[in-house]
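In the two complexes below, chain A is the common chain; its partner is chain B in one and chain C in the other.
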Partner chain A sequence: MKRIGEWVPALVVFAVVIAAWEGAISAFHIQQFLLPRPSDIVKTFWTARHSLWPAGWYTFKEALGGFAIGSGLGIVFATLVGRFKNVGTAVMPIAIAANAVPIIAFAPIFGAWFGEVSPHSKMAIAAVLCFLPVMVNTLRGLQSASPRQIELMRSYAASELEIWRRVRVPTALPFVFTALKVASVLAMIGAIVGEYFGGAFNALGVLINNGAQIFDFVTAWAGILVASLLGLALYGAVAGAERLVVRWAPDMRDA
Partner chain B sequence: MSVVEIKGVTKTFAQGNVTALEDIDLELEPGEFVSLIGPSGCGKSTLLRVIGDLTPPTSGSVTVNGKPARQARNDGDYGIVFQDAVLFDWRTVAKNIALPLEMLGWDRDRRKARVETMLDLVELRGFADHHPWQLSGGMQQRVSIARALAFEPALLLMDEPFGALDEMTRERLNLELLSIWEKLGSTVVFVTHSISEAVFLSTRVVVMSPRPGRIAGHVAIDLPFPRTVETREDPRFFELVTKVRELLRRRGEHLLPEEEELLEADR
Partner chain C sequence: MLRRTATVAAAVLALAGFWELYRWVWTTANWGWPFHVDNTSMPHLWTIFEAFGQPTQVNQPALATILFHKSLFTGKEALVGFAIGALVGFAIGIVLAHSRLLQRGFLPYIVASQTVPILAIAPMVVVWVNPKLPGPLQGWGAVAVIASYLTFFPVTINTLRGLRSADPRALELMRTYAASRWTVLWKLRVPASLPYVFAALKLAATASVVGAIIGELPSGLQDGLGGAIINFNQYYSFEPQELWATNVVAALLGIVFFVCVVVAEKLVVRRAPENVA
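On to the complex of A and B.
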């Protein structure tokens, strides 16, 4: 019950914003191509469902693939690097520097490498976007295990593997999930922006891009709505998994 | 046979070129409650860690239950309590206490039964499914003590376990610790900064002096058991406190001003 109660303020704000948007368009006679009405966007979201929804699903699969590959590799890489402290210290600054590179700028190059129309180039962009934050955070998590806790495990004659399993991994999990939530958003951005540079005719990014070019802004906005819902869904799925796995984290308790 | 036998142990740290321990000889008989006391930096924690094989001595030998310290650690011969509770946030209270039992390969039923007993012992029944952050500092420390006692180690190493607690909780936990010790008949090495705590708890107080860390002397505590609140009013208690303090003072020419103050405050 309390959970639902916590959502009320957010829902109220959301409703107010939408109403203000709708009202502003009537009040100031804003042109449709500048800003469509929310009600029109939702209408198009429904009437164009036969093209929009499959397009969303198509792009979502690219994002999901990139998310899985990028995050998976990030975790695996961090795990390997984390076993050796020196390697970790050497890799960390490089990873952080690489994280500052605007990877989305590589989109046209990935198109050349993996095929401009192919979903693989979008998957690759999403994967690269996801890789670094997940890698860096996982590594940080694995390295932030408490020395006292490790010493305690030693007093129980624990092997390195046991220390890994019982101390390092549980310590790292909240870090990993924080990164996965960021990555879930990045994956969707990567896939859609990737499609702006060329993609299958039934891809969401292409639909949005085309809509904007032929002044069919309502369709573009409806496409953005689809993208937002799918992005939220992926984020929600990761957050849900976090709740299941990291049930113990103090910041998750009911205060 | 001695529970702990330390012979000629010296420990130097390459970093900073510190001689933390120099030529320490110490023997602990079964059932002894020995407090280590001395000014900050005199090597008490280091000595405890050397006994527990958490850090190797530079020279000299340590045997626990007649075995080399490494062997004793691998056999789970001792339980250790650090100054802070060192609990695992992702484990419930019950699972924190059960950790050493898991490591020793006890089966689920046996673990469960023992955890219940320990929860009763430290008066935390009803908190089994709580997580550490839901407990007060004193409760956390009791969990950590319960965990160290859970597998009934013949040897308990405690590094200022009550250091962070208020006076009231501290005195209550002192009594609890003593009753546990009497029940289990284990041997305890207890590090503290408080002279009165050392005298109240121990059968023997070992006074250490700093730079380099050495044993300055021993004071046998012949106060009767069980120790109660009245013990602290016993004239003999005051005599022993004075004796320990004088030993600390005599060997403590190197005391820093704030350490002097600390000793004064203990009076």
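On to the complex of A and C.
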């Protein structure tokens, strides 16, 4: 656990930024449609809660579904492929190249496949976005087990399953969690981008987009606040799980 | 090199074969799950490749020519965004590495900044940035800024990690020679950080292309791949192969950016990092 004192600088920065934001708008007479006041955004966040929060929950469910499917398949696939060393080394460059593809560009095609308005198309985008980094990192984690540790286990006549459970998985876990944290953020962004190409009227991405289009930027910003909070919540949940599960890799904590 | 090329060719062929096989199985068995397969949802590969050679409208150049120019435009946005993001990210990383206090104050927000859906703030960024830009940068300059927003994050995080990864014994040695902070930074910490920085630049290369495409969507720019995706998406039920062709080009652009960084890394870094993320 981090001590409370470590959070003081972050809180100070937060207070200063918000005060400067409010002050700059008053001092330079910045128009509301360019940049709304933080206090107005928070006000809208509350007054529009009956439309914003359910919309956030709707989009969050899409992101969560995509995150679960994509990350799950990524871990399963990497585990299967990682069993065979040659297959693993062959798959790796292909997976890395695939990771360099801007998947977001395929969002409209997922709309055409799974229904433009349907939440399934957003889940599919989020799942594909999550799959690649989780797969690549899990595979890398499984391959990075120290050969000396494996030798030692073998010399104790440990079975392959036991080596897997006691050496390979513990080595891979920090890698997996690093990827899961990346994926948690990607899932939420994927769902919102998917909604840009058409989504249910009560979806968060549609709400933000409509707000921006009619220059109702306060609502758009309040929607962005909801999206960020939900993204942070998912990230925080994964980071919390990491602390519970991975206790032996202190240098992975910072990022 | 030859072997690498052969592997890539084999992988591409395998993917193409899988595509057509999947098509064939799903259409003959008439399976509707996970989605209905027909010429609209999964056009034949040869239809997609034919589309490159044909004009989209009468009296217009072939789709391949159009997409080539559009990818140059998006590539320009992505490249500028990549450069800005990489420099800013590296600078933030260096500053944060020197102060535990600044790290505690700002790092949480740098992480949080990536949960902000960039697509949602893109229209506002365009409204802010565009009036301040000189004529030749109008329009695409704002998109480059959006691309840099996605680029800086991995570079900052990995620069920070890389600067910390310097060998403690080497640090001790530098101290016994009374080396200044500046010398330690440039002679020891920065070289130690390079493998990490390049790992991040590889992520950033893709992120900059993603950022450029996403940034074009709400800004109404028609000159790039993002504009083409919106445009061809509207005609998807009639001409699905045009959207597919656009996406093939977008994918190639991402891979080209990635490969450029890999080549640069090979030239600069001789030591392989343990965790290339």
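Everything below uses one rule, namely that the second predicted complex is superposed on the first by the 248 of 255 C-alpha atoms of A that agree within 3 Å, B and C clash if a C-alpha of one lies under 4 Å from a C-alpha of the other, contacts with A are read in each partner's own complex, and residues count from 1 in each chain.
By definition in this document, a residue touches a chain if its C-beta (ideal position, glycine included) is under 8 Å from a C-beta of that chain, and two chains touch if they have at least 3 such contacts.
Model, not experiment: these values are computed from the prediction.
Novice: Put the two structures on top of each other at chain A: do chain B and chain C fit, or clash?
Specialist: fit
Novice: Under the stated touch criterion, which partner chain does A:Phe106 make contact with: chain B (first), chain C (second), both, or neither?
Specialist: A:Phe106: touches chain C, not chain B.
Novice: Under the stated touch criterion, name the partner, chain B or chain C, that contacts more residues in chain A.
Specialist: Partner touching more chain A residues in the overlay: C.
Novice: In the overlaid three-chain picture, which partner chain does A:Gly231 touch, first (chain B) or second (chain C), both, or neither?
Specialist: second
Novice: What is the angle, as a multiple of 10 degrees, that the CA centres of chain B and chain C span when seen from the CA centre of chain A?
Specialist: Taking the centre of chain A as apex, the angle works out to 90 degrees.
Novice: Where does A:Leu152 make contact in the superposed view: on chain B (first), on chain C (second), on both, or on neither?
Specialist: First partner only, chain B.
Novice: Closest Cα approach between chain B and chain C after superposing, in Å?
Specialist: Across the overlay, chain B reaches chain C at a minimum of 15 Å between C-alpha atoms.
Novice: Would you tell me the residues on chain A in contact with chain B in one complex that are also in contact with chain C in the other?
Specialist: The answer is that chain A has no such residue.
Novice: Given the complex with chain C, which residues does chain A contribute to the contact?
Specialist: Listed in rising order, the residues of chain A that touch chain C are 6-10, 12-14, 33-35, 90, 93-94, 97, 99-106, 108-109, 111-114, 124, 137, 140, 144, 175, 178, 185, 188-189, 192-193, 196-197, 205, 208-209, 212-213, 217, 220, 223-224, 227-228, 231-232, 235, 254-255.
Novice: Looking at the complex, which residues from chain C come into contact with chain A?
Specialist: Its residues touching chain A are 4, 7-8, 11, 34-35, 40-41, 101-102, 104-109, 111-112, 114-121, 123-124, 127-128, 157, 160-161, 202, 205-206, 209-210, 213-214, 217-218, 225, 229, 233, 236-237, 240, 243-244, 246-247, 250-251, 253-255, 257-259, 274-277.
Novice: So in the complex, the part of chain A that touches chain B is made up of which residues?
Specialist: Residue list for chain A touching chain B: 146, 148-149, 151-158, 162, 166-167, 170, 173, 246, 248-250, 253.
Novice: Looking at the complex, which residues from chain B come into contact with chain A?
Specialist: Checking each residue of chain B against chain A gives 52, 54, 73-76, 78-80, 82, 84, 86, 88-91, 99-100, 103-104, 131, 133-134.
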